[in-house]
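Here chain A shows up in two complexes: once beside chain B, once beside chain C.
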Partner chain A sequence: MKVGIPRALLYYWYGPAWKAFFGAAGLEPVVSPPTNKAIMTAGLKAAVDEICLPVKVFIGHCLELQKTCDAVLVPRLTSVARKEFTCPKFMGLPDMVRRLLPQTPVIIWESSGGFLPERVWTPRSGIIFAREFSTPAGQAGVARGIASGVAHEAVNWRGITRGCRRAKKPLAAARKAHAVYTGLLRRGYLPEEAAAVCDGLPDSPGGVRQRVKPPGTGQELPDSGSRGNPDKYVLKSDRGNPGAKPSRVIGLVGHPYCLYDSFVNTGILRFLQQEGCHILTPEMLPEEEIAMALKGLPKAIYWTMGRLALGASRLFRAPARGQAGVDGLIHVAAFACGPEALIGELIKRECHREIPYLQIYLDEHSGEAGLHTRLEAFLDLAGGKGQAGCV
Partner chain B sequence: MATGFYLGIDVGSVSTNLVVIDEKGSIVKKIYLRTEGKPIASVQRGLNQLGEDFKDHEILGAGVTGSGRKLIGKVIGADLVKNEITTHGVAALQVHPGVKTVFEIGGQDSKIIIIREGTVVDFAMNTVCAAGTGSFLDQQAKRLNISLEEFGGLALGAKVPVRIAGRCSVFAESDMIHKQQMGYRLEDIVAGLCEALMRNYFNNVGKGKEILPPVLFQGGVAANKGIKAAFEKELGYEIIIPEHYEVMGAWGAALLSRKTGKKMGFRGFSLSDREIRVESFECPDCPNCCEIVTVVIDGETIPGWGGRCGKWEKGVSRATG
Partner chain C sequence: MTFPRMGQIDIPVQTLFTELGHQVVPPPPVTKRTFDLGVKHAPEFACLPFKMTLANYIEAIEKGAEAVVTFGGAGPCRFGYFAQVQKGILHDLGYDFELLLLDPPGAETRELFRSLRFLFGKNLKQPGRIWRALRLAWAKAVFLDRANRLYRRLLPRVAQKKAAEMEYQKFLRVMAAERDLHRLELVYTALAHNLDNLARLETGRVLRVKIVGEIYMILESGVNFHTENILGQMGVEVTRSVSMTHWVEANLLKALFPGHRRRTELLSIPHLTSFVGGHGRETIAETVDAGTNRVDGVVQILPFTCMPELVAQSILPDLSRRFNLPVLSLVLDEHSGAAGVTTRLEAFVDLLREKREKDEAKAGV
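Up next is the complex of A and B:
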């Protein structure tokens, strides 16, 4: 049975874990292709108007997956850390998708306070929860349900609850993949590259069980050059020209799906890399240091992604001893995002007159020309005194 | 030895400006043309005019800026293709080395550039909204049936500027019609529009920026006395409109090309006589369906652009069919 995993929203954090989970549960995970025009257009057409672009893109991915998959995974990650939340839109995600995909069962990955599924709700028609896959009985029920068109009554409820204890194997696989993935991100890999490495792990679907060794086949990180402590924040250098000294180090903050979906952000990362910049993102920073950087806030930020963005921007702005700072900071946000409007303002105030700062709002008609004008001018700013202004 | 000159071209949405500067950096000749949606044709026209004066002189460098910079840069073989924020900043510093703030309002975008001690330290540019730009005035002037030139002068004659919602040009229009129907004087309405544009500029582009004098106001809209007055009223001090306010971007590009001193891809003024054709097509190779543009000069194809994958920039020729 094919389970579709949309390459959107928090896929950029948990994609490899989901993939490993379904693989270990004996199913075939299928990740949708990187966002393209067709996917985006489909999402824009189908989604409600008021929602932000990344959610519309997510829906586009679901629509794409339903063509080839037996079920589509829709995470309901209301919270992934204690006393913190992701986004109210994420809460409604399964319901929005369910309405749009009446023919395809939706697997909900439900969690609270962690990315692993924790709760199992009473199943309703057409919804399958991730845990049901952990038992053969659950799987058989799901398969039957899918075969009969509507999923749910067919699934054995007792099978599910018993399965909670038996979900160990797929959950362990998910945990392991997640650890490797986040480790790679921290070492400076971009999600795409890190996910590719995770796919090659011996534990991945169909692989042989082995001890995980640090991956290193042609993907070895180049030396970070002359800046700072190379072991702290690893600076990914221009791949086309390894060893070349980076012209600038640019810190990017924002929600992962804004930073890493190169179609949605019209290739900001690619543009910066072509200009010879090193890129640092919140995912590359150690959680403890982000927490340290946020000490002294009058009130804790309870939006996980916003908290990371602010913490990362503080670290970039005033790096701890022995670490590389950045020449400029870019905040990438979705236009309709409420929390980001607030966080963006906080970051802007803190950066004011300290380091060059640029805020980019993504919307469905982001023309590359306007964006590139801003980025180019920003790089002139970040390129050091004297380059931008003096004749 | 004959002195050399540098060429700067600013290809904007509304106007195309060409500037020739001497080695000292001062403007020798400037041309201001309407783009009218045909950037290549307007640049050709401009080059044709310049060619009459400068065909015997050497052009040592050419810089291009503006929203059409990529296209025109390829067509003329520019030495430097620079974003308009940097070029405007550079030109402002040339005029007034002590400048601290630059307002630039053009046809479809507006910018603010913050300069401290001769260096650009911050900037902002309008996002997707054109309500604080020249095209907003253009539209409203058309609606009122007055020319843009009259517009500014009329605003100065206002006694009580009418408050018009400037947040959005669509709302501004309905607000304005309403005020007309209520019987307000034309002068007051026009002045109200100028203030609406000014408010929008400060709310949208100038938000959170530290605006300090001296302020330079440049771009096509700087010709509008009403807008200048509205800005001065709000800021409480005089703002400076440089002599060459309308071609500052082109000037900055020329100045930068002088600085880079790179020789020398410029195809020459004779470009105006050559046949330049632009071809665009949708790349069929992946679901992104990028629109690819290529330029053909007298049958010779220049590598295309517009793709997300970058293969067209490398000079892949189009598969026939």
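Up next is the complex of A and C:
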């Protein structure tokens, strides 16, 4: 049985974990192809006009998967960290999507207060069908599972998890895959590379580098084969050997699905790399340092992605312990994104007159030419400032 | 001291603070200038409530307010983070004021205590005074809501709409000035009596439309282009469950009124299985309620880029089909015009009239 995993929204954080979970549950996970014109158009048609582009794209991916898969995974990630939320739209996602997929069952990965699911279940004609509710023992198990934050059983829907009633194994697999994946991201891999490594591409210099080395990059690739830096985001190249110094270091902040979906953002990352820039994103920074950078905020930010963006922007500007900062900061957000409207304002205020800062809003009409011209102008600004600083 | 505007909330809030011995500067009503100020200084994609409350503060500070009292929240709706961002913006603009934030306990408890101390500190020795002030303000809120409900119900049945409107305005003025708890009921009865006299009993069944959506946009008539009034003038009875007192009961006094939440959950769970922040879930629940109680149509009012309401809006077409219930989603932002809203409402009401005639003809056959 094929379970479709849409390559959209938080796939860029949790994709490998989902794949590992369903793989270990004895199902066949199928990831949708990278976003393309057809997928986007389908999503635009099906979704409400005013909703943000990433959700429209997600719906497009679901519609695409529906053609080939027996079920589609729609996560409801209410919150992935304590006292924080993702986005209201993510909470309503399964309800928004399942009315558009009348034929295909929707598997809901429900988590709150952490990434691992409290329940994985399937609504069937509006009624929650959950195996664990049928027996007293099952009910007790669910209560325990919810209390401890770890679900005990994956729900059985017409044999979705046949032969694998206990979800312990899949959960362990998911946890492991997630740890490996985030470790790779932290080391500077971009999601597509990290996912490739998780899929079994050898994690050797040859493996990844050949595959993803951007053409015409003036930047030396570190030995581990990642495009970023080997263990941390320490810009070794800036100090250790000036010969290999990338011309500019650009920090990007924003939601992962805006940064990494190269169709949605018209290939900003690739463009910057071709221009010889070294890229840093929030995912490459250690969680603890982001938390440290945000100390002293009048009120804790309760959107996980917004918190990461603001913390990362602070770290980029004022790097801790003598690490090199960035030459410019780009904030990539979706048009009409709710939290980003406020977070963007905060970042803008903090960056004011400190470092070059560019705000990019993406929508379905974003054109490559216009965006790339703006980026070029921005790079001129960032580069000029950097040189002045050298003297 | 000032506070953000939201419909008639200024009357009870002003009463409360005045009784507590503070000087209150209520923000002036929403005008073109309010829109302009909000749009100019707020981030582009912030929702209309953000922009309007920001403009409220600016206008009130210009009139001499020194402190701003407002609520916070713990997400995921953006409202909980309004105050912090607005403070930064106002600070950069050179406005100096004290922010008194009433965050729910648990999030920023220290801030809550500081604000409460500021508000009630003077009267801590006279708990009777605090109690009287709270009771008077609450009674006013209850009567205002009741009067509003009555007005919405009777307006379509009144021939001289202008006279009814004047009666209502007079009532609001008297209510704002009244300080005696026991006279409030008399004021209300006078209004009820006068409106009753104006109403024509022979009016047949009028169309009923339910308004759902984001609370600020519903209650602040300056922002929604007086939608309720327009509908009333067209001879449509407007019902809604969102109101000041309902909000206080469902959010501040959750423990005392568990029924509100329970009702919302029960009604919405087949269509929206989790909460989505803001009033998204209430919108779904109230639409289901409208569908089962044979209301003629539903108007959803939401500000552009409102996240919870967008989720609801995505699900509403299903409800509309299931209950055979016309739904109009009014997405408003600073570019919306009164004429545009009126035209859409007129078209919607025409549609409802036609639908009902058809339904009645079918039932007759």
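Brief remarks follow.
Following the convention adopted for this analysis, the second predicted complex is superposed on the first by the 295 of 391 C-alpha atoms of A that agree within 3 Å, B and C clash if a C-alpha of one lies under 4 Å from a C-alpha of the other, contacts with A are read in each partner's own complex, and residues count from 1 in each chain.
By our rule, contacts are C-beta pairs under 8 Å (C-beta built on N, C-alpha and C of every residue); 3 or more make two chains touch, one makes a residue touch a chain.
Keep in mind that this is a model prediction, so the values were computed, not measured.
With chain A as the common reference, chain B sits beside chain C without any clash. Within the superposed three-chain model, A:1 lies out of touch with both chain B and chain C [touch as defined at top]. When the two complexes are overlaid on their common chain A, residue A:172 makes contact with neither chain B nor chain C. Once the two complexes are laid over each other on the shared chain, residue contacts for A:381 go to chain B alone; chain C is not touched.
In the superposition on chain A, A:48 makes contact with chain C only, not with chain B.
Touched residues of chain A were counted for both chain B and chain C, and C has more of them. Touch criterion not met for A:294: it reaches neither chain B nor chain C.
Taking all C-alpha atoms of chain B against all those of chain C in the superposed arrangement, the shortest distance found is 5 Å. Looking at chain A, you'll find residues 361 touch chain B in one structure and chain C in the other. Only residues 33, 36-39, 262-263, 267, 348, 353, 356-357, 361, 363, 365, 369-370, 372-374, 376-377, 380-381, 385-386, 388-391 of chain A touch chain B when the two sit together in their complex. Remark: chain A residues 47-48, 50-51, 76, 78, 83-89, 91-92, 94-96, 99, 110, 123, 126-128, 298-303, 335-342, 344-346, 349, 361 touch chain C in the complex. Residues of chain B that touch chain A in their complex: 25, 67, 70, 82-86, 89-90, 93-94, 109, 115, 118-123, 125, 127-128, 208, 255-256, 259, 286-289, 308.
Against chain A, the residues of chain C that register as touching in their complex are 43-47, 50, 72, 74-78, 80-82, 84-85, 87-89, 92, 103, 107-108, 111, 270-278, 280, 304-308, 310-315, 317-318, 331.
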